[in-house]
Amino acid sequence: MPDSGGSIRARNIHKYFNHGEVKALDGAGINLRRGEIHGLLGENGSGKTTLVRCIAGMTRPDSGEILMDGIPAARHNRSKVSGKIAYIPQHPRLVPSLTVQEFLHLGMNPAGQGRDEAAGKIRRISERLRIDLPLATRGNRVPANLVTATMIVEALLKAPDFLILDEPSTSFTPLETENLFSLLQELAAEGMGILIVSHKIREVRQLAHRLTLLRKGKSIAETEARDLSLEEISRILMGTGDRAAELTPSSPGGICLEVRNLSKRSRESFIRNISFSLRRGEILALSGIRENGLDCLERILNASVQPDSGEILMAGGTPYPREPERIKMAGIAMVPSDRLESGAALGLPVMENAAVLVRKELSRYGILGEKKKESYTRELLSEYGISAHPRSLTSALSGGMLQRLILGREILSASGLVILCEPAWGLDVKGRLEVYQRILSLRDRGAGILLLASDIDEVLEIADRLLVLYNGEITAGFQRDQFDHGRIGEAMLGICGTGDGK
Amino acid sequence: MLNSVLSIAAPLILAAVAGYLPFRAGILNIGLEGLMALGAFFGFIAAAASGFWLMGVLAGSLAGAMAAAFFAWTVLRLEANIFLSGLGLNLAAAGFLGIASQMAFGTKGVLRPAILNTSRTFPPDHGIIPVLAAGFAFTALMLIMSKTRWGHRVIAAGEAPETLENLGHPVKMVRLQTLVLSGIGCGAAGALLALDIGAYVPNMTGGRGWIALVALYIAGKSPLGLLATVLLFSAANATATVLQGMTGIPDSLLLASPFFITFLGLVAAGALRTLAESRQRRKERDLTADEVRG
Amino acid sequence: MTKNRRILVISGGILLLLGLVLYVSPKPLEALTDLFTDPLRTPFAFGNLMATAGILTLSGAGIAVAMTSGSFNLGGEGQAYLGSLLPVLLLLALPGAPPALMIPLGLAAGAFGGSAMGWLSGIMREKIGTDELISSYLAAGAVIPIIDYLIAVPLRDPDSYLLSTPKIAEGFRLVRLLPPSQLTSGIFLALGAALLWWFLSRYTLMGYELRLSGANPRFASLSGIRVSRYRSGGMSISGALCGLAGALMSLGVYGAAVQGGTGGIGWNGIAVALIARYRPALILPAALFFAYLTQGLSAAVMASGISNEMGLLLQAAVFIAITAGEAGKGE
Amino acid sequence: SPKEAQTEEAQQEAPGAVGSIAVFVPGVVAGSPTYEMMVEGVEAAARGKSGVEVSVVEGGFNQGEWLTKLSSLAASGRYDLIVTSNPAMPEICAEVSRSYPEARFLVLDGHIEGNPSIFTFRFNQREQGYLAGYFAGLVAREKQAEGTVKVGLIAGQEYPEMLRSIRPGYQQGAEAAAGTAELDFRVVGNWYDAGKGSELAGDMFRSGVNVILAIAGGANQGVISAAQEAGKGVIWFDSSGYDVAPGTVIGSTRIYLDRAAREMTLKAIEGELPFGSAESVGIAEGYITFITDHPAYTENLSQELREKLENHLEELKNGSVKVQE
């Protein structure tokens, strides 16, 4: 590992929210050197995002010290350090009305760089990332993985000294993740300092040279990556080993969702002639690259668009709801993939988001007091290990906590059909395990669970059956005993196809 | 008729262009009206004192810019509510102008060149100047928003402030710039209004700032839509003026017509858009059907 | 900037203005005492304070309801104006009918007029996607001159030089509580409406669903809530409350529909709603505060020789100061 | 300053019937010549008497608020006399006097009889409209020898006195001067939008109007601007307007509201104002006239036209001709 000497040191950082009620950082610190890949690990809500935002100058710590190359950064704000420290946030967003091309020019150093020169640079960097950016597409039409890719290209255009990535691979396919990681290794070798936040401990441990572990806002360890085993890391982080969910064989019952010859073409993506059926008591996963049909299917299932042809039926042949309002009335539990937009009202208190599905049960003659909502919410919060007050704003939740809240809310009131889109996004190891356990017990109680996920690892852990979507069509199907990481990955990329696991 | 449409539209276009920038950057500047009033007052005084209309425009713009910077300070620094603070800007402008006029000229009423001991009048064909200014401002807006990096930054400040901040451009700075520019534009609009009349009349902006705001909202993000809305409103106004001369229609009833016509235009535009969307949807469906068959 | 410094800056600004008032006023002490005590000094002034506060409570609640349901009602001014005209027309047409029946009918007519305008904007949004903020503003802009005309020409009281309709029969007027002040039994209606809105919003399923629809319509509809119904419903209720405020003006204060008589209700309602930050429990105090401020200023202006303009400056300072320090959450 | 005035009052013990006066302006003073005259007149009267204090209170444009504001003036009990001016004010004063019978009102430019708290002093606005119309008719006829002439009138808003007195008087006067005259009457919608005033006037000039009577407050300035551009004439109302735009304002009527305010206030101070009664004045009484002694008038108009106008004015003054109601 070439060490060119420079570094960012953050020491004893404190950051409080809500007038000191929430301690996000309570003496955290990190030491990021040039030329290294540094992993930042921690439970949901442990303060990872807050810490990296402080380092990137997006948030100002309440106290503590940040040194760049040994010099105290007097006013460490974003506009000062943006040329040196690039930052890819946990939920990256492009500018909806600007094309990717326009976006990439936004942040460039105005001095020098003619258009051609800039275009050449953009091309070279995206080639290194092995990704084709849709340069002429407007920001609101760019799929999630390409948003992250665009942000990374943008960041690298400035040739920063340090690169910080907050859970960058959540929206990536395995191949994209692989490409990203090898690029990061090259960059580190060239002398860039890289800080990566992730819940995928296995991956990070392989990639990173050194690790910092965070618990409850404190840095509890900073070590060479190979000095700690996976088990040790998980034990240090949350006192459990990295176990897999305990799988029991499924015993499928009657059909609860039947999709026949479904086709839909829209500007972003399309599906063609999709048919499958889901039985009670089983977990069926549909997997693939999101814009290869997964997102289109999700939009049809949450009734925000209508299919062009084909039909969807539920148990007993009743048609699937065609209006969003009717989904919940039809007894379907659903976790959407865009949690911020469809999953919660971020501007309202946590309890208003938690109690929404049981609001009718909690109320009497149309009267619904706050106490009832609050006590219901307290239960949900403790059950799912969410550290938040029922009355605090939902927007203050960390990424993983928000996901737990949404999952918990939906699973608690689920019975028949359950549709889960990317359920493990942003969850830490422990949270994932807990959620899988709950999904399995839901299945064992006779619910039919449809899993839409682009992350194969997730799918492999709990699905009973797996269908692969490629280019809008179902190209392969696998039963649990046929699961094979490599073959499934190839099917997702359209390299091969097998059987039909219908 | 075209002449009157253009002369009604010119100050409105200037004000609307001025409002467009902060609007796009995520700050609705409710204070356009007050900024225009300040521009009218200072623009008139400077022009009458110097005898050059251009001085008036400069002074009006400067006054607008300073007031807008104050507004920016309240919303960006003190984090006051944008709507209330904008309302406050309008009230403060009205109050300030009354007091200033009283202190400097001994009256809160109409100011004519004579009050500054000059009998200078402004060039007789001055009516063309606001039109040229509006045309220039609009063209500049189109170019800036579509071609320049700064224009794109304005859009980013409105649509994805976090992201812009992350790229190293302080959002507040961009917003401040757009607000100051809006002050300059409104100040110039007010000054031209006063120079066109050759006098300063308290309240002479007569709600034009509010109308510009409505036009902004109707047009949304599209500068061309903004131009169309302002022209539609001005044409409705000019028509009402002409119709007042003909018997039969109650005069004060015609005053409702610009709003009414704009309202109808809005309904028509909405209906057309809805229709077009459903047709588009049908077309897409046909496409897939063909493909499925084929 | 820290919160404390912010407060310092703001109070500094207001003090500076007060100093200016003292400096320019020929009777500085009277100006100051009038500013702070006038609304409470006499039963007459107190009655007017309460009456204004009541009316602002209605329009403020109206704006807040719309805002909570996710719409911006910028047409409160026109809704109130229509709400002040319709009941007068009804009561003028049936002068002999029993007041016990006609007064509630009249109030209902006012609410209905405002509500119809709000509903129009709501339905336009639903059917053709027109922003209700614009359509409500334009509708008001069109309606106001038409009513101006109706009052000034065809409906005008031929025996009066005021631009106003003939007066309704004495029996139809709301009961005056503190004559000759403007305080009428309408205040109970306003209090009732504020209380009802507070209760609805906090303790009912409907209020919960309304709030969700406003906060995130997409999420709300995925949760099984009929969002469009709540949105146009919110605009209708908002219009009804503004219309009711207008009706209180004509049936309580004037006993007739007066040209420009509702001037400012809609706009000031927005200010009240913003000051209250749309919180149902704060609407009433915010309306009281606003009424106190405007009335104190107007008293100081009238009695103590400080100019109208000075009053405007002070009001502007208060507007800016009232929300400073709270991160701007409005549009 | 008022403080000194107070000490003076303490020294000099000569209290009249009236010690302090409120002038209630239903609108704002700035830009309204009649209100300026009222304030001037009252202050002139008070200046002559020691110990009389005058406060001017502006009621603003919302006529709905006038009653409340006037009531609070009466309720304060600080004023021995409230002076105001506007045809709408008598009924409002009457309403206030029901709750505050001890308050006394002097209302100019309005009329009510029999209320023991109120004295009114009315000007015959129809006559003033007639004078302006007569002049307009003469000017138009001079430009166009044959056929129907067109004369213009721009008002800020439509209000009763305008519709009932001024407009018909103006039309009547124009017909008296020109034989047949068509009136082009337009409304700005407010009292300040000079741009709109200019648009309206420009359109009127284009459609053949040669002269416009402007009664639109600040918006008059727009009428002047349009007239300058078109090379046409403007008539001013209520106060002398020649100096506003010499050469463009070619004629001006005037009411002596300042004089009336001064005289009636003086009477009230002396305790001689007969509250409960009313007075009405017009051209014959010398309270309304056409200003003919300004250079701008003599220089811009033909000898013949001036003679016709002045002769008719004389007939109206001595009562040999009367304006038909």
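Just a few scattered comments:
Per-chain numbering from 1; labels A, B, C and D assigned in written order.
In the analysis below, a contact is a pair of C-beta atoms (placed from the backbone, for glycine too) under 8 Å apart; a residue touches a chain by one contact, two chains touch by 3 or more.
The structure presented is a predicted model; accordingly, all values stated were derived computationally and were not measured.
The chains touching chain B as well as chain D are C. Most remote from chain A, judged by the distance between CA-atom centroids, is D.
Note: centroid distance chain A to chain C, computed from Cα atoms, is 46 Å.
A separation of 35 Å divides the Cα centre of chain C from that of chain D. We define each chain's centre as the mean of its Cα atoms; on that basis chain B and chain C are separated by 27 Å.
With centres defined as mean CA coordinates, chain D is found 76 Å away from chain A. Along chain A, no residue makes contact with two or more other chains.
Chain contacts: chain B has residues 108, 252, 255 touching two or more partner chains. Shown for chain D are the residues that touch two or more other chains, namely 28, 157-158, 189.
Every pair of chains in contact is given here: A-B, A-C, B-C, B-D, C-D.
Taken in their complex, chain D has these residues touching chain C: 1-3, 28, 55, 57-58, 60-64, 67-69, 71-73, 75-76, 78, 86-88, 90-92, 98-100, 110, 157-161, 163, 189. The part of chain B that touches chain C in the complex is made up of residues 28, 74-75, 77-85, 87-92, 94-99, 102, 108, 214, 217-218, 250, 252-253, 255-260, 262-263, 266-267, 269-271, 273-274. Interface of chain B with chain D (complex): residues 4, 7-8, 11, 107-110, 112, 114, 121, 124, 127, 193, 196-199, 201-204, 206-208, 237-238, 241-242, 244-245, 251-252, 255. Interface residues of chain B, counted against chain A in their complex, comprise 149, 152-153, 155-156, 159-160, 162-170, 173, 221, 284-285, 287-289, 291-292. Here chain A touches chain C in the complex through residues 302, 323-329, 334, 336, 341-348, 352, 356-357, 359-360, 363, 366-370, going by the rule given at the top.
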